[in-house]
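Before anything else, here is the set of structures, which you'll find just below.
Consider the two complexes below, in which chain A is the common component and chain B and chain C are the respective partners.
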Partner chain A sequence: MSAPATTTPAIPLGQRLAARGLDGLTLLVLPAVLFLLALFIYPFLYGLFLSFTPKAGGALANYQRFFSDSFLYGTIATTLWLALPVTIATLLLAIPIAFRVRLMRHQRLLTTILVIPITLGTVLVAEGLLNYLGPQGWFNRTLMTLGIISSPVKLLHNYWGVMLSLVITGFPFTFLLTLSYLTGVDPALEQAGATLGAGPWDRFRHILLPLLLPGLAITFCLSFVQAFSVFPSAVLLGAPAGPTRVISIAAYQAAFEEYDYSMASAVAMIMGVVQLVIVVAVLGARGLLYRGPAGGGKG
Partner chain B sequence: MSIHAANFRELRLDRLCRDFGTHNAVKDVSLTIRQGEFIALLGPSGCGKSTTLNLIAGLLPATGGGIWLDEKRIDPLRPEERGFGMVFQNYALFPHMTVRKNIGFGLKMRGVARAESDRRVAEAVAMVRLQGQEEKLPGQLSGGQQQRVAIARAIAVQPPLVLMDEPLSNLDAKLRLEMRAEIRRIHNTLGATTIYVTHDQEEALSLADRIVVMRDGQIRQVGGPEDLFSRPDHLDVAEFMGFRNKVSGRVASVADGLATVTVGGLGLVGRVRTPVRPGEAAHVSIRPEDLHPVRDGDPGLPAKVVSTEFHGREFVGFARMADDTPLTFLADSRIPHGTDIRLAAQPDSVLVFGEGA
Partner chain C sequence: MVKDTRLSTRLWAAANWALIGFFVLNLFAMIATVVTSSFATRWLGTWFPAGWTTRWYSAAWSEFQLSDVLTVTFQIVFLVVFLSGLIGVPAAYALARRDFPGKKLIMLLFLLPLLVPPITFGIPLATVLYRTGLAGSMSGVVLANLVPTVPFVILVMIPFIEQIDTKIEAAARVFGAGTFKLFVHILLPLLMPGILAALLLVLVRTIAMFELTFLTAGPTSQTLVVALYYAVFAAGVRAVQSIDAMAVIYMVTTLVWLVIALRFVNPTQIVARAKR
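So, the complex of A and B:
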């Protein structure tokens, strides 16, 4: 150290930085930072600026156009009408299944089976559903053979097709998150509840649910964002010109059918804002909940 | 104080069994507990004491036998139908509820009216001396305070039976002594019946009216603390009651309840605890505090000193016999490593067990 001589011996800079958590290891963060800058921050800012430089009109022309054309602004409601029920449905499915799986001995096997849809990808699931749910598919044929229905139920190229495929592809993710939050709750708490006279429903309502809610809020946000950006299944299984014309289709059409990247960027920004509003609302509500450890004490 | 325990005459475990696969965690445990008793289930980890407690609480289904509360068979009942209070090892306080809500939870589940519930919570809080902490969350309390909340929560519903699963094992030594006295005081004040699981023989001896020593899923011996301490019926029980020195030898003679056992050429005289006959192999158990070095020339077990530790009032010595049997004894001073010594004990403090014990 060739630091200039001072009256009090100075602590070397390196040591001071290390005390604040900055040392050689910090450099390992650099690749991630560069990655984020290049692939997320820059494209986002680029898109944001692009959305304010429309083909014609003032800076806000794209946004004015979006919110004055029901064919465009209507996609927000269409997408919400898909994404919110799908998110709630997957959560409502995942909670009881996670409760059951938690107590099972072959938990790993079952978890693997339930998680397989995640590995298949949206397109494969969509293709599968096209066959399975079609007018000549097993589903309708079985129901007709059993005499439950007389003519095929229409589950494709409408709202329900997209809804089903989103639930199927979204479920594993929601389920895994729910399961991990659930296993984080100390089982002794339920036992304590039982010895105090609480039956299964009271134990769920008063003990498990309050401890799970913060985690479920996060799960809700992540599942919702996934469902909100639905594109492949809305096109393949839905009615992309009508009831399942979701917001990403509007963005796609602006970009690749009208070749108006500026408009497409504006749609993407609006999409982001809607997601943000919902996520912030849910996380805000989560802030009101108990968020401490889900354990029963020291230990 | 109007908190008091619900009335019953006795709790009877009748050949209770619990298997986990092929492993018998609890095997043919039969025990009758009278109202007002403080029972300690004592044993090393894995002896089945916690499993027994969970069977009584209903947290585990029994695979054999039955549990009776007076004339009522309770083992088919779910835990919420049994209504026993339980204190868990890690307290299992509801982390999202205040102290008041934790303690009042059982009353709420029983549909006790608000005013009555408030009164009983206040009494329970006073009983465990937690006044002023009612609105705190468990995470804001110290370990000892959490323990008090757990006890208050269990007794607030006035259960016929309070079950405690190693409640003090997470506390430091000083707090442990303090809470031990508290638990006994609360038991006496409530007139409760308590079953207390522990692996600490000192805790069991100081708290319990009767101690049930368990080993390998079975009951080894049941008795009062003084009884177990001085007259263990079983080698395992003796070991658990502090008879840490165990040497093997051959019985030379038996007379008047005393046996002489030859160990390393020396005749050790001790009280017979399980039947022995001359010529048979036998075990001799001695507490470290009863085993002392003797002066040169006096008879004693020959051993070589390994080390001595200073324990404040006395020195604890560790030695090995020629056949490598370890011995622990008390000494007046530090003895150098490698010294050859002879150790002896009064016949009254030496226990003799037959080979099969």
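So, the complex of A and C:
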């Protein structure tokens, strides 16, 4: 009999891999992984590489051009100035409404109505708002009949048109996410607070809000990222040459009007980095929050 | 839930309902404007149009070549639905049943395309597709649309698969079924409701997916939503009512599928896609 070391290779490689969870069945994941590596990771890396090989100048020429031309770097501020107020507005709208809807028995009808703008998509909402908010549209007409305003409010082809369309497409998303987090909080906790004499505001302030904040941080990130990448409504409802020239318009123009894919990739990378910075900042702040169980059981 | 009858609480509830009402009212009024306008003969400076007609539908149908656009749209959408099911369901099965080194990394790979907005990854993706000559054709549009839908199918399917008892599969293995037979005779019938739900959601999302299709489509591979964008973008060339008629056709195409999808899924599933 030889040393025990020689008996280990007697176990076939296949069995040793299977013990770690790798067998023929695991390979079923491969097509999906390869597909995403080829069409998601590779384009990203390729774009990153391409952004450092500009048409003219050194490796950083695209980035230098972006940050020295106010027509280009200004788009970051323009987009933030749209995306941050929209995200905060939708969250402030969504939280009280989610609290209200949580108490309802039949939520399905309302949630279905709220899913409609997401299903219709940004292009149709933009098209509809062009009719609805126009100087002769029903919105201005109603306000004028009610005597609230004397002349039509200008809501199209400026900041407000884009803002309103983003709230309409963004609110349902924020609301439904908030609702799904809120239904995860055990109602027994709130009842315990009420038993001890806490009013609605105290219950919200000391029980529900702390439990909900981590979920709200995620909701904020997802809504912000969606609003930051606004494209069709900024073109159709806004003033794409001026006040609502958002960063995705700059990227699109570089790629499909100047055919400078290198510059377009650089803009896309900058867009990704700005989104990442905000998301990391919010998630970093989230790390400071309470992250325990939201159930009311023992233990 | 806690009952409260104080005046301040009631006022707050009323204010909330007013807010919901205001939002829903404006949403429906916006949709109603489009529908009304598409049936209007002449609508300038009055509450309602001067007369009603259906001729804008035939006008839009021929002006925008909607029969071609609709054919292309459904070809693309059904290819995307079929392929994302074909790639996604087996991957979801492997991820639900096996624990292997690097699984967390793979899950992250599947989460990212759902978290990163389409326009951010769409521009580098379109660049690669143009370099390889795939963009501008139908296959390029299908490939681009598959990037978010394959992970979506995987993430929706994993919980469905996890709730199937592994003993059923073990029994099939004992009687000599291979992986393929197992899929066709055991898993597919059991998973059908889940697969149907996931694929219907993919269908609804792909019809409405503007950014990726817009960035990769050529003149012969436009879907309905991209054609609508170009029509609105170049408004002024054609009558508003004709564009509105096209918008109504688009609305009907998406909402029909939404209604079918809602028979199988909870509406929140369309949104709460990246829950961890």
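The rule we apply is simple: the second predicted complex is superposed on the first by the 272 of 299 C-alpha atoms of A that agree within 3 Å, B and C clash if a C-alpha of one lies under 4 Å from a C-alpha of the other, contacts with A are read in each partner's own complex, and residues count from 1 in each chain.
Here, contacts are C-beta pairs under 8 Å (C-beta built on N, C-alpha and C of every residue); 3 or more make two chains touch, one makes a residue touch a chain.
Computed from a predicted structure; not experimentally measured.
Undergrad: Clash or fit: chain B and chain C on chain A?
TA: By the criteria stated at the top, chain C and chain B fit after superposition, with no clash.
Undergrad: Per the contact definition in the header, classify A:I41: touching chain B only (first), chain C only (second), both, or neither.
TA: In the superposition, A:I41 contacts chain C only.
Undergrad: For the overlay on chain A, what angle lies at chain A between chain B and chain C, C-alpha centres, nearest 10°?
TA: An angle of 90 degrees, rounded.
Undergrad: In the overlaid three-chain picture, which partner chain does A:A194 touch, first (chain B) or second (chain C), both, or neither?
TA: Both partners, chain B and chain C.
Undergrad: Using the touch definition from the top, say if A:D202 reaches chain B (first), chain C (second), both or neither.
TA: In the superposition, A:D202 touches chain B alone.
Undergrad: Which partner does A:D186 contact after superposing on A: first (chain B), second (chain C), both, neither?
TA: In the superposed model, A:D186 contacts chain B only, not chain C.
Undergrad: So, A:G272: does it touch chain B (first), chain C (second), both, or neither?
TA: After superposition on chain A, A:G272 lies in contact with chain C alone.
Undergrad: Looking at A:G170, would you say it contacts chain B, chain C, both, or neither? Reply first, second, both or neither.
TA: Once the two structures are laid over each other on A, A:G170 reaches no partner at all.
Undergrad: Touch check for A:P210: first (chain B), second (chain C), both, or neither?
TA: The first partner, chain B, only.
Undergrad: By residue count, is chain A touched more by chain B or by chain C?
TA: C
Undergrad: Classify the contacts of A:G161 with the two partner chains as first (chain B alone), second (chain C alone), both, or neither.
TA: In the superposition, A:G161 contacts neither chain B nor chain C.
Undergrad: Just to confirm the value: shortest Cα separation between chain B and chain C in the superposed three-chain model, in whole Å.
TA: When the complexes share the chain A frame, the smallest chain B-chain C C-alpha distance is 5 Å.
Undergrad: Intersection of chain A residues contacting chain B with those contacting chain C?
TA: 191, 194, 199
Undergrad: So in the complex, which bits of chain B are touching chain A?
TA: 57-59, 78-80, 82-86, 88-96, 105-106, 109-110, 137-139, 143, 146, 150, 153-154, 157, 163, 170
Undergrad: How about chain A: which of its residues touch chain C in the complex?
TA: 20-29, 31-33, 35-37, 39-44, 46-47, 50, 93, 96-97, 99-103, 108, 110-132, 136-139, 141, 168, 171-173, 176-177, 179-180, 187, 190-191, 194, 199-200, 203, 222, 225-226, 228-229, 231-232, 235-236, 248, 251-252, 255, 261, 264-265, 267-268, 271-272, 275
Undergrad: Given the complex with chain A, which residues does chain C contribute to the contact?
TA: On the chain C side, the touching residues are 1-2, 4, 6, 9, 12-13, 16-17, 19-20, 23-24, 26-27, 29-31, 33-34, 37, 44-45, 47, 87-88, 90-91, 93-95, 97-101, 103, 106, 109-110, 112-113, 115-121, 123-128, 130, 143-144, 146-147, 150-151, 154, 179, 204, 208-211, 214-215, 225, 228-229, 232-233, 235, 240, 243-244, 247, 250-251, 254-255, 258, 262, 266-268, 270-272, 274-275.
Undergrad: How about chain A: which of its residues touch chain B in the complex?
TA: Its residues touching chain B are 186, 188-189, 191-199, 202, 206-207, 210-211, 290, 292-299.
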